[in-house]
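In what follows, chain A forms one complex with chain B and a second complex with chain C.
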Partner chain A sequence: MKRLAAIVALATFATATACGTTGTTEAAQTAGGGVYTTIDGSKQINASAPINPFNPVGSVFAGYNGMALAWPKNDPVDPNRFYPGLADSWTTTPDQSEVVIHLQPDARWSDGKPVTSEDVRVSIGLAYTQGGTAYALDPRAAGAAADIQVVDAKTIKITQGANRSGMFLSNLLSTVVVPAHVFGGLLPSDFWQTLKVAQDGAGPAAETAKAEITGLAEKVIAFTPERDVSAGPFVLERVNPGAALLKRNPYFYDSAAIVPDKVKVLNYTGNEQIWNYLIAGKLDNAPFTSVPSAVMERIRAAGGSKVIKGYSPVATSMAFNQSHKPYDNVHVRRALAYLIDRAQVTKIASPEGGTPAVTTSGIHAKAARAWLDGGFDRLDPYRVDAAKAEAELRAAGMTKRNGRWALPGGKPWKVRIHVPASFSDWVAAAKSISSQLGDHGIDATVVTAADYTLYLGELADGKYDVAFWLIGLGPSPYNIFQRLYGQANGWQMFGGRLSHVPPGTQGNWMGGPETVEAGADGTVNPGELTSRLSYTGPEERKRIVGVLARLTNEQLPVIQLWDYVNTQFANTSRYTAFPPDDHDALRLSSGVWMQLGMIKKRQV
Partner chain B sequence: MSIMINAQEAAGLQSAPGGPPGVTRATLRRNFWRGVWRVLRRKPSRMLGVVIVAGFAVMGVAGPLLYPEHLPRDDEALYAPPSLRHPFGTDFEGTDVLALVVTGARYVLLTGLATAVITVALGTLIGLFAGFRRGRWDTVLMRITDVNLAIPGLPLLLVLSTVWKFESPLEMGLVLGLLGWGGVARAVRSQTLSLRERGFIEAARGLGLPTTHIIGRELLPSMAPYIAMNMLIAVTGAVYAQVGLFFLGVLPFESNNWGVMLNLAVFNGGALTTPAALPYLMAPLLAILLLTLGIVLIVDAMDEIFNPRLREE
Partner chain C sequence: MTATLRVRARSKTSPTSSASPKAVVRRVAGHVARGLVMIWVVATISFVIIREIPGDPVRGQYESLIQKGMSPEQAERATAVLYGFLPTGSLWEQYLGYMNSLLHFDLGRSLSTPGVEVTTLIGSAARWTVLPVLAGTLLSFLLGVIMGVYAAIKRSGRLGDVLALSGSLLHGVPVYVIGLLLTAIFATLWPIMPSGGPVDVEHVPGLNPGYLGSLAHHAVLPVVTYTLASYGGWILAMKSNVVAVLGDDFILAAELRGLKRGIVFRYIARNAILPLFTILALSIGMLFGGSIFIEQIFNYPGLGLLLVGSISSRDYALMGGTFLVITIGIVVANIVADLLYTAIDPRVRSGGSA
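Up next, the complex of A and B:
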């Protein structure tokens, strides 16, 4: 469960996007003092890890001593909303072909040196060594930065490559900024020329240049600065296996907004440890953590305990491999949808962290209502209906013998539901589904994979008939439908060209058809529609989302089970002014909350 | 007053000289079982051990027959506390925990049994052969044994579980048995090296009896008690190993598997944090504890049965 929570948090964070609005940070009075204790939900403490944000376990904590250009807002539909970070403001052309970023005028590193455009440029250079959407070396890749131009010490202009993407701005603003005077030496003196050759050149020279840049990746990840040089509100003081301690950065550009003197990020090895911290009232804030109902009661009973709930653009689904019989038949998928009581599944598996899916649309219900308006209520809710399920199964040619459903040829039918063993909420959900199907004469069993990596590998290899799958990773509609009509279902974007590969190859494990007859919408290619979501205008985007949601509802490549709820924990014994329920900063760290002027010392 | 028989006689495999072999064996066998009964009666705890192990055996054989194929669930009673209806409460689905423990016993016991049989059969065979033949055979077999002992069982099983689903208890037992025979082989070899220098073996050799007779009729019966005790102890080892693997979540999911129950109680129910799921955690733990206790008590009895010196004390 712990790992699932982390994956959900990372996945949604990675897909969050932004828009070019100028933000102002509300100054807050400094009541001062105290140690703010929290957890980093995305990673565990590693005392021997370098203070390096490019290292996955590095002792850099987002919002505290790790600073991005901007912080994504938790908006259900608009992927272009951000809070300012090191970028004070930004402007962009309507097609996002050009973005100009203005840095915070007073931003300084913790050693007193100013944060400049050169820092951003070096950070972007280092990001190229790691790859990624905005920093892809292939000039044909959608949404890749093509040119970085330092306008002045506090202004930088970035131009998007010819293959445009609506995700460019958001990917750009998510860039983590590191000090050029510490990390700059990692880039060879001819790095920018090499990058130019890699991006614009052709043939062996370009390939050599690409290899040269990606060859720097390990060196960048392994780089160990002697001390932390942070532009965030805090700077790392020390780290041990149990916790990381950060002290205030006196040079932070909005130091007046920051109340705590220090921040202690506690380590944890499992959810149980976080539960115990919360019950003991040790944590001022803990990010999304899966919690059983009984444990939640104890946490609520702790002095000063406060549970904050908000929108989390992620849903859990049960996905089908449509290249495996009988799941190629839509009637079978619909029958299963009519037999699964999603409320019961959610009650058993994720009572505190999820709400039963209203229907299957591929989108979290909150975002779906916003995208589809009244269209959401017209989708088939697939309420539990054994009679409809029986009719669907008979339509699929299934037969019932001695109370058990069998395949059209009379062979026994066994539904094998695959889940990773480490996600106990998914395991419980799969067991609940298998029990419910058993009640209706369908032999079902749960099969666990030892490890999530193994699970994803076997899934991609097409070894599973039915498996749990995260969907609705918004707010970008492109990211939402990529989970259903992207690489996992055979559509691949390569060199700006979309192609569909056969089931069982190149990670196509969902095995859906390339085109589908979608009633009033005619014959549609869902992968092609999804790819258009990345660059098309707002009106067309809304129309496509409607078509894909209806198609998903009718064809059921997955059965949406529950929509996640971002359940956060706070303790108001020492600090107050936490963001309220449904606040759009709720999925950001406490460090960002502090930057936004939240978190005040409790007045005795 | 105690029964004075040696280990070979106790096993009922040794013909007494000077009389019809069948009659003598029957008498010895009768005496043996009388001795067993007396040893058990001497300490009630040993009787308890027999009752516990017998109870588990019955549970393994008949347990699943006592319940429907799909255990009933109660959506309104998730993690229900213990009651007359549910002595150990209910699980995350509202299923009776006792029913899960009872129906789950078969897999656990079958695995334990398969492991024990393979461990003891392989260990005894290799140990006997190495100890009796000595020389190059001994060297080769003991190096193989060293390798077996050096294999880190749990990490290997964790790796194996990624490619092997262990859906049958016999598969699980086979792997655990193949990993666990080293200790028995080494001990049996030591015993064989010691026994082969004893007078009765020397006499058997002097009489020109074939090797198979010496090993099967002279050596093996002398070690039977030790082997039998090892077999029982191997059952407990196998139970711990497989429950541990299921607890870690690396083996296939079966809601009534004791290790899976422990895993879900801790990670899904928060049993170590709140009392709500504690009965769900305690039930399989209690089952493992009881099974181990029963086996330990029987081993205690066996020790006295096969060791005349203990009986005299």
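Up next, the complex of A and C:
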């Protein structure tokens, strides 16, 4: 027992020591700017991962120690609006065939070396090994860079290939820049010649060159620099499985704008940890997390707690597998749209993070208004209307017996709504919908998949009749409609050529028809129109968006349920000057906010 | 009667007979051989099961990034290369490659942490699992055994009732409820404990008071949770064993002979604890599986969390590696338990004199 008492005493002492020392040792060493605490919503911290932005879980945090040429503004329609990053400015020809980028004149890496055009060139070379639209090896791919020319130490010119895309500038400016003196060794000395052969050559030589370049991908992704060399406002000091600690980069080009001395990025394994941090007031900022109403009230009650809301170009929908009966019948889809009370669904599923969809257009309402002008109000809003729903169901040949709807042959109709079990908002929404449909005589059940990977696998295999699906991923109109008329619906791009595969094959689980009669717009191929959005001019782009929005509204491959709201959490106890509601930097990290001159120390 | 009891008491409490070194080596070799066969069988079964789990890991990763707000372009770029980390070839070819790698102690490279060796990830996670779970297991065992003896001896008194009730209650409460409750009380309502992570990143790692103190501070809630969650089982098992031993003749004889209370207590405890040693050894073996709920709640990056993450991301190599480590842990624990039991209880020693 004496030994036990000694152990207990030792443990108590250790706890007391810990309580007395935690957060004091290095906080005391800061110069008054304090430690800014936040969460990176895009990934979980992995202490074993390299400090490498090409690694999906690498310890590089955008806006802090990870720098892009520029940072995208949260514009509903224009994907080419950016804030400067390592690029101080840029010019482009109207067709984006040529982009000239001028780097920040004072930009330096955290080891004191200047950021040069060579760094950008090497970064682009490394990006080619990873693929991506602007850095596609296939010369026929739309929006691929064809030539990279270093003009001088701070200027670089990039030329677009013959198959032009309106997304070229956007993709180019999103390039993450790494130091050539650290990452440059990953590229073989003959890399640029090999790239030339891959892009311009033909036959086996070109194929060999492509294989050589893509063969570098794994080497690039696994590359582990000994230490962080950053051109951002911070540089990684250390990382453990619970958090990453970044300290100020003294060589950052606009160091005066940066207030915190350090940034602590906390890891999380579940939303409830973020809630606890927010309730305890430990986080200066956290990205949107799905929060139940009761928890939200407690977060709001925390001292200094603040919620910032803005536009988020994402929407949740209930999608149909049109190769499964009766969902191949547009009347059935419309009937369901007339029966679902989207306001009620949103109130239950995502009261803080969503607004009920005004209608189904495939686009977030804010972007839709901007794209369609008055046309948006002419779309069918599908307000709850049991009489219209009944008429649609009868038009589909459905019959009602003993108050329950049955399939045309008389068989019972069972609507199975599939959702991943881990998405609590989707599960709540699906349950609300099944309840509403039940009230109207439709036998509906919710079926959950054990995890998201399984859900996506079964979805792609065409196993589901009705399933939840994210849509409206703007601002690029191509990205928006690619969710509805892309691979999930049978359209695939191979070597610059578009083809349509039969339902149930190669990930075509939506099973829509290849061409559709679209009233005044005639017969349209929605996948082909979507594909054109990636390279066509502004006027034509607007026309196509109009056609596709009307088509989506009439054909309802999905029922748009709610549009997401970007809900950011902030705490003004330690720092102030957070971006206001609807600011176009709201979707960027706090590190970028600091670069833009936001985030000031609270004056006591 | 007295002579018989004396023999029994001695045989249970003071194992003195010894097997020849040759027999011990033969026994250990037999255990090791059976253990290796067991590991091979489990590795083979888990290999097949893992490859048959439905779901496309790259598609899953892509959609997860989209869900987190990444643009399709960025998400596509971030996931395209992952295909290179997926195993290729027929199932049989993959199996032969896997077994060949295992013989060279190579568990492959992770898909969810691309480019990083599975052994590195498991090694990194193991240290965050072994210490807290081991501490929790031993602490709960110690508390449970001591309190179990008291609960049995005082079973007709109020103390016995209270102890037995505490065991039943805690045994019935799921570990995640205890964890969430402790977090809510000590990390949110009365925030004197950290709510997540294994150590405050502000402290420089090393043998310095700040770092070590932070480690201990962060380990308190997970260890207490684990202790409380397992304590109930130990106390109830120990109480039941002690009650059974109390009815044995040799205890009555010891009391009648007027042996000191402490000696009688030792007789009781040492005989009642025997079956619990096997469970303890297996529990220690199981600790390589981590405690998924505790690690999830406290954001403790141990093997349990690693396993769950590997399953949700369909990281085949990491899943296989983690299963293998758990299997080896349990097999080794089984062997150790067998050998220990043989050593401490002569009745199970083959060819022994008892």
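Structure notes:
In this text, the second predicted complex is superposed on the first by the 572 of 604 C-alpha atoms of A that agree within 3 Å, B and C clash if a C-alpha of one lies under 4 Å from a C-alpha of the other, contacts with A are read in each partner's own complex, and residues count from 1 in each chain.
Definition applied: a contact is a pair of C-beta atoms (placed from the backbone, for glycine too) under 8 Å apart; a residue touches a chain by one contact, two chains touch by 3 or more.
Since the model is a prediction, treat every value here as computed from it, not as a measurement.
When both complexes are superposed on chain A, chain B and chain C end up sitting side by side without clashing. Applying the stated contact rule after C-alpha superposition, one finds that A:Ala222 touches chain C and leaves chain B untouched.
In the superposition on chain A, contact of A:Thr448 is made with chain B only, not with chain C. In the superposition on chain A, A:Gly270 makes contact with both chain B and chain C.
Contact with chain C, but none with chain B, is seen for A:Gln130 once the two complexes are overlaid on the shared chain. With both complexes superposed, C is the one of chain B and chain C in contact with more chain A residues. In the superposition on chain A, contact of A:Thr194 is made with neither chain B nor chain C.
Look at A:Ser48: by the touch rule set out above, it reaches chain C but stays clear of chain B. Contacts of A:Asn171 after superposition on the shared chain: chain C is touched, whereas chain B is not. Look at A:Ser424: by the touch rule set out above, it reaches chain B but stays clear of chain C.
Contacts of A:Ile279 after superposition on the shared chain: both chain B and chain C are touched. Between chain B and chain C in the chain A overlay, the least Cα distance found is 5 Å. In the three-chain superposition model, chain A touches both chain B and chain C at residues 270, 272, 276, 279, 451, 454. Within the complex formed with chain A, the residues of chain C that make contact are 53-57, 59-61, 63-74, 76-82, 84-85, 109, 112-116, 120-121, 124, 128, 142, 180, 183, 187-188, 191-192, 194-205, 209-210, 212-218, 220, 295-297, 299, 301, 305, 311-314. Chain B contributes residues 70, 73, 75, 78-79, 92-93, 158, 161-162, 165, 249-253, 255, 263-264, 266-270, 272-277 to its touches with chain A in the complex. Residues 1, 270-272, 275-276, 279, 291-295, 297-298, 344, 347-348, 419, 421-422, 424-425, 427-428, 430-432, 435, 438-439, 446-448, 450-451, 454 of chain A are the ones touching chain B in the complex. Contact residues on chain A toward chain C in their complex (touch as defined above): 4, 11, 14-15, 17-27, 35, 41-43, 46-50, 54-57, 72, 127, 129-133, 167, 171, 174, 217-218, 220-224, 238-245, 262, 264, 266-270, 272-273, 276-277, 279-280, 287-288, 312, 314, 451-454, 456-458, 460, 470, 473, 476, 479, 482, 507, 587.
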